[in-house]
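Note that subunit A is present in both complexes that follow, paired respectively with subunit B and with subunit C.
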Partner chain A sequence: MSGPVLNIEGLRIEIGSGEDAKAAVRDVSIEVGQGEMVGLVGESGSGKSLTCRSAIRLVPAAGRVAAGSIRFNGHDVMAMDREELRRMRALDVGMVFQDPFSSLDPVFRVDRQIRETLKSNLGMGTPAAKKETIRLLDSVGIPDPERWARAYPHELSGGMRQRVMIALATIGEPKLLIADEPTTALDVTTQAQILDLLRRLRDERGVAVLLVSHDFGVIAETCDRVVVMYGGHVVETGPVGETYEKPQHPYTRALLASVPTIESAGTHRRREAIPGRPPELGEKLPGCVFAPRCSFEREACHSIDMTLEQVSAKQRSACPFVRADGARNDTVIGGAP
Partner chain B sequence: MTALALVMRRPFTARSSLHLNLTVKIGAVIVGLIVLAAFLAPIIAPYPPNEAKFLDQLQAPSFQHLMGTDSAGRDVFSRTLYGARVDILVMLFVTFVPLPIGVLAGAMAGYFGGWVDLVISRLADLMIAFPFLVLVMAIIAIVGPGLKGVMIGIPLAGWALYARMARAEMLVVKEQNYMVATKTLGYSRKRAIFRHAAPSILRTSLVYSTLDMIVNLLLIAGLSYLGLGMQPPGSELGTIIANGQVHLLDAWWISTLPGLVLVALGVGLGLIGDGLSDGDLLGKEAR
Partner chain C sequence: MNAADPVLRVANLSKTYPMRRTVADRLRGKPREAHLAVDGVSFDLNEGEILGIAGQSGSGKTTVARCVTKLVAPDPGAVIKLQGRDVVRAHGEKLREMRRDIQMIFQDPYTSLNPRMTIGAAILEAGRVHRRPGSDRPEEFVGAQLERVGLPASSADRKPRELSGGQRQRVAIARSLAVQPVALIADEAVSALDVSVQAQLLNLFLDLRDELGLSILFISHQLAVLAEVADRMAIMNLGRIVEIGEARDVLSNPKDAYTRRLLAANPNPDPSKRGEVTA
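Now for the complex of A and B:
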């Protein structure tokens, strides 16, 4: 197989039903190639978590996928029956959550939950599963795996729990790992270790990773490609390097401008905050969703349809205006009158 | 008790031995003594429970007859021992038969939602809304007086509260990340419910069951007292108490002493439940 591992096209997720349905994700398309690490970045409520969960049909009960196609290795995820879906989740896709403190069952020792997963998903026998458990824990960098295997989740640190969760998620050699803010609850040093681990999984085993984060820094450090979401739309996508250096969409620029840099340490200059507030769920704005907060806003912004257009060799942006301006990322963001 | 304790151990106490607080210990001693005496009734009872000695009618408590004798000259102590045995057995039956049924029904209602939830919850509502005693008495009216009616009637209504509690717990547990993880790890629904949700759900139901046991104990004795439960000449605490009622003024011991045993058993169970629920098990820092 050489096609993309995950291909989401025209995804629309609505919260609520019937008349009250509010679109939380609109016309989102994302592709994750084999062994590729894709970052999905956006602020709270931008629809990034919903989008990544839809990949394994784990949209919360209140929401539903209203339109679009989700294909995993070419198979239509929305058309899978329960058993196919279960098999896909068990073997082909792993998922790691934001909160490592609650994602392991508190009443089981670590080894028991891993063993159980090995037995039920791979049909391993007890002796083989025991060995494999230790190997798995070792592979995710748990020191002294024999000893820590006997621990209850509450006895582990956040980082270790996240490692155990990654070990669980990688059972069955998945082709795709979805990591929904895997480092948000961790401190910075642990965060770096977990990101390292994810990258190593990709490098050594060719696991594609869809990394969701609100922190551009995390994604810039780790991923090959980035997808920026705002208000349920994808506003920009491109290789991490180019996007970081030359953000095309005004939102991406504003987002990057709001990240503190090492040079700004100790100075009293405030970082540029994006004025205004993100759109509320279901709020229908004509044209560009970012227009009310955008420093380049103009009349025409309210009538565009936010489709991604090729703006450079590898970058695509949903803003058709800013580049015509000649306004590049060296333009001071937020400095407009 | 140990099985119960094992299920209910919190992770933080799991490695150390289970510390039972004083309340639980006192309750356990009371209940233990009564249960032990009741089940050793054939060995320690000084007289057969139904042996009537018409010369020894209405004798006050003495070393011959620890709780005196009733109007038929039967030894009240022996009858109380045999009676308590019946009460305890029926109590356990009518509490722990509906418990797993209710928990399972409630867990399914909470986990699946939708029409499964609708059917189970409305059925439970119906059972809870229906006057409990009337329902049990109606069933006894159908199957005839005796413990059979009690043993059908109480579980028929009793599962509903367990179902409601289990459903509520499941709604909470279901949203926990480790339950979401059972989906992302591709566990079967059976595994998710029975292995991963059940321990958390059972906890409340088991604590509540100690309360339920007391209610059921009094209900069994009450129904027998009304003549709907155990039929004479069988001995059971409620019937013994009812039997002695006419002699309450001239032979107080016939009703009072078995009544005290019933109270002690109830208090003992209450202490256990109380200690379990606010001490080690629900995570409140009472130790």
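Now for the complex of A and C:
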């Protein structure tokens, strides 16, 4: 099979119902190829978490997928029945969240939680499940797995808990791993180890990874491609290197300009901060959602429809006016220059 | 106070917390073990300087801040002097004065602001309690504090929940400034904010240093954040300062192995500098 593992098209997620429904995700399309590592970067409220959760139909109860299609390995996720959905979540897609403590049951030892999952998801018998548990813990880099398997979640450090979560998420040799801010609650050195582990899963076992983070640095360290979200829209997508070197959308450019870096030490230059604040849920902004904070804002920005246009060989941007080379394209509206 | 004296001098600061014993250990009469959270820390915070303190969680950086403001009592032998005045032995009116002079800003402004109070009332209360000049003219006083942190004076009537995270942190800073402190302690003050808003706040701290001559102890686990604001920085590990110096020297030419490990783990936004991390 050569198609993408995950293909989301024209996704719209609304929170609330009827008249009060507010769009949190608008016309989002994302593709994750086999064995590809894609980063989804955005600030709080950008819709990145909802988007990645929709891939396994985990949108919280207040919200609903109002439009668009979600395909996993070609299968329509929205049309799956309970059993198909259960199988997909159990075997084909692993999910890792920010807070591993709330995803583990505090009253059971680690080995029992993994064993139960192995039994119910893979139909393993107890002896096989016991052996597999130790192998899994070992594969995610837990030292002395026999000993730590007997620990309760509260006895583990944050990094170890996240490793246990990754062990659980990779039980069925999944094709896709969705990691939603997996390192945000961790120290930098632990973060580096977990990112290393995710990269290894991809390199050695060919697992595709959709990594969601608010930190461009985390994405830059690990991913092949990046999708930048703002205010419920995808504003730009492209290879990580090109996006860093030549950000096409003014938001990406401003975001990268405000990321603090070690190299700033001792220079007395101030970062150009983006003025204002991100839009709130349900705030109605006609045209480009970034326009109120954009330094290139103009009349026409308030009437564009924010569709992604091809702007270079591999990059697509939702801004029809501004290009990476700084050229302002006043004459062509809605098309690449 | 001599002109050459630092605003804040900390010497030989240690803090031990007794560990909990299990019931069985208590019955056996096993003595309490002690956890040394801060171990012989010394540093100076000079006038108009931002001193960064970096370290992982559990390295003792917050305990240092809490000792300096005497929210917890340090172990005997510690010297903490604010403009030459002894913080360790201060009590009553003297302690109140010192707590006014050194203000703390926390990570989560939502839990440090009263949700039922308008932000104007919160700022005014701080000024009134410490009888600050000008606090008898509420509107002007509150307006001036808000404008100093880049909020419109008209926002005085709003409640904390109506504000965004960045705006709330500005209010927390405005409230600290209302009592006219000589030093601020910012404990992970920008860690919970989105990057685009974080940069605004970092610039605000730089403005406060430059325009008011404030001295700031800036605590963060993110080296890159400290690189943006700190003049000097200290790296803490397991309760000790393992390295201290000019921010540029510490970050570009780290002497200590732990500092190097922290630096190597820092995620670089430039993918061409992607490194094999062996931390």
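One rule holds in what follows: the second predicted complex is superposed on the first by the 318 of 337 C-alpha atoms of A that agree within 3 Å, B and C clash if a C-alpha of one lies under 4 Å from a C-alpha of the other, contacts with A are read in each partner's own complex, and residues count from 1 in each chain.
Note that a residue touches a chain if its C-beta (ideal position, glycine included) is under 8 Å from a C-beta of that chain, and two chains touch if they have at least 3 such contacts.
Computed from a prediction, not measured in an experiment: that's the story for all the values here.
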One more residue to check, A:91. First (subunit B), second (subunit C), both or neither?
first
Have a look at where A:295 lands relative to subunit B and subunit C in the superposition and call it first, second, both or neither.
neither
Subunit A contact check, subunit B vs subunit C, more residues touched by chain C
Looking at A:317 after the superposition, I want to know if it touches subunit B, subunit C, both of them or none. Which is it: first, second, both, neither?
neither
Pick one for A:258: touches subunit B only (first), subunit C only (second), both, or neither.
second
Classify the contacts of A:162 with the two partner chains as first (subunit B alone), second (subunit C alone), both, or neither.
neither
Looking at the overlay, what does A:274 touch: subunit B (first), subunit C (second), both, or neither?
second
First (subunit B), second (subunit C), both or neither touched by A:7
neither
Between subunit B (first) and subunit C (second), which does A:116 come into contact with in this model arrangement: first, second, both, or neither?
first
Identify the residues of subunit A that lie in both the subunit B contact region and the subunit C contact region.
none
Okay, in this complex, where on subunit A does subunit C touch?
43-44, 187-189, 191-193, 195-196, 214-218, 220-221, 240-241, 244, 254-256, 258-266, 270-275, 277-278
Listed in rising order, the residues of subunit C that touch subunit A in the complex are 56-57, 164-167, 194-200, 202-203, 206, 221-228, 230, 246-248, 250-252, 261-272, 274, 277, 279
Complex contacts: residues of subunit B adjacent to subunit A
11-12, 14, 113, 176-178, 180-181, 183-188, 191, 195-196, 199-200
Any idea which subunit A residues touch subunit B in the complex?
56, 58, 61, 86-91, 93-95, 97, 99, 102-107, 116-117, 120-121, 152-154, 165, 168-169, 171
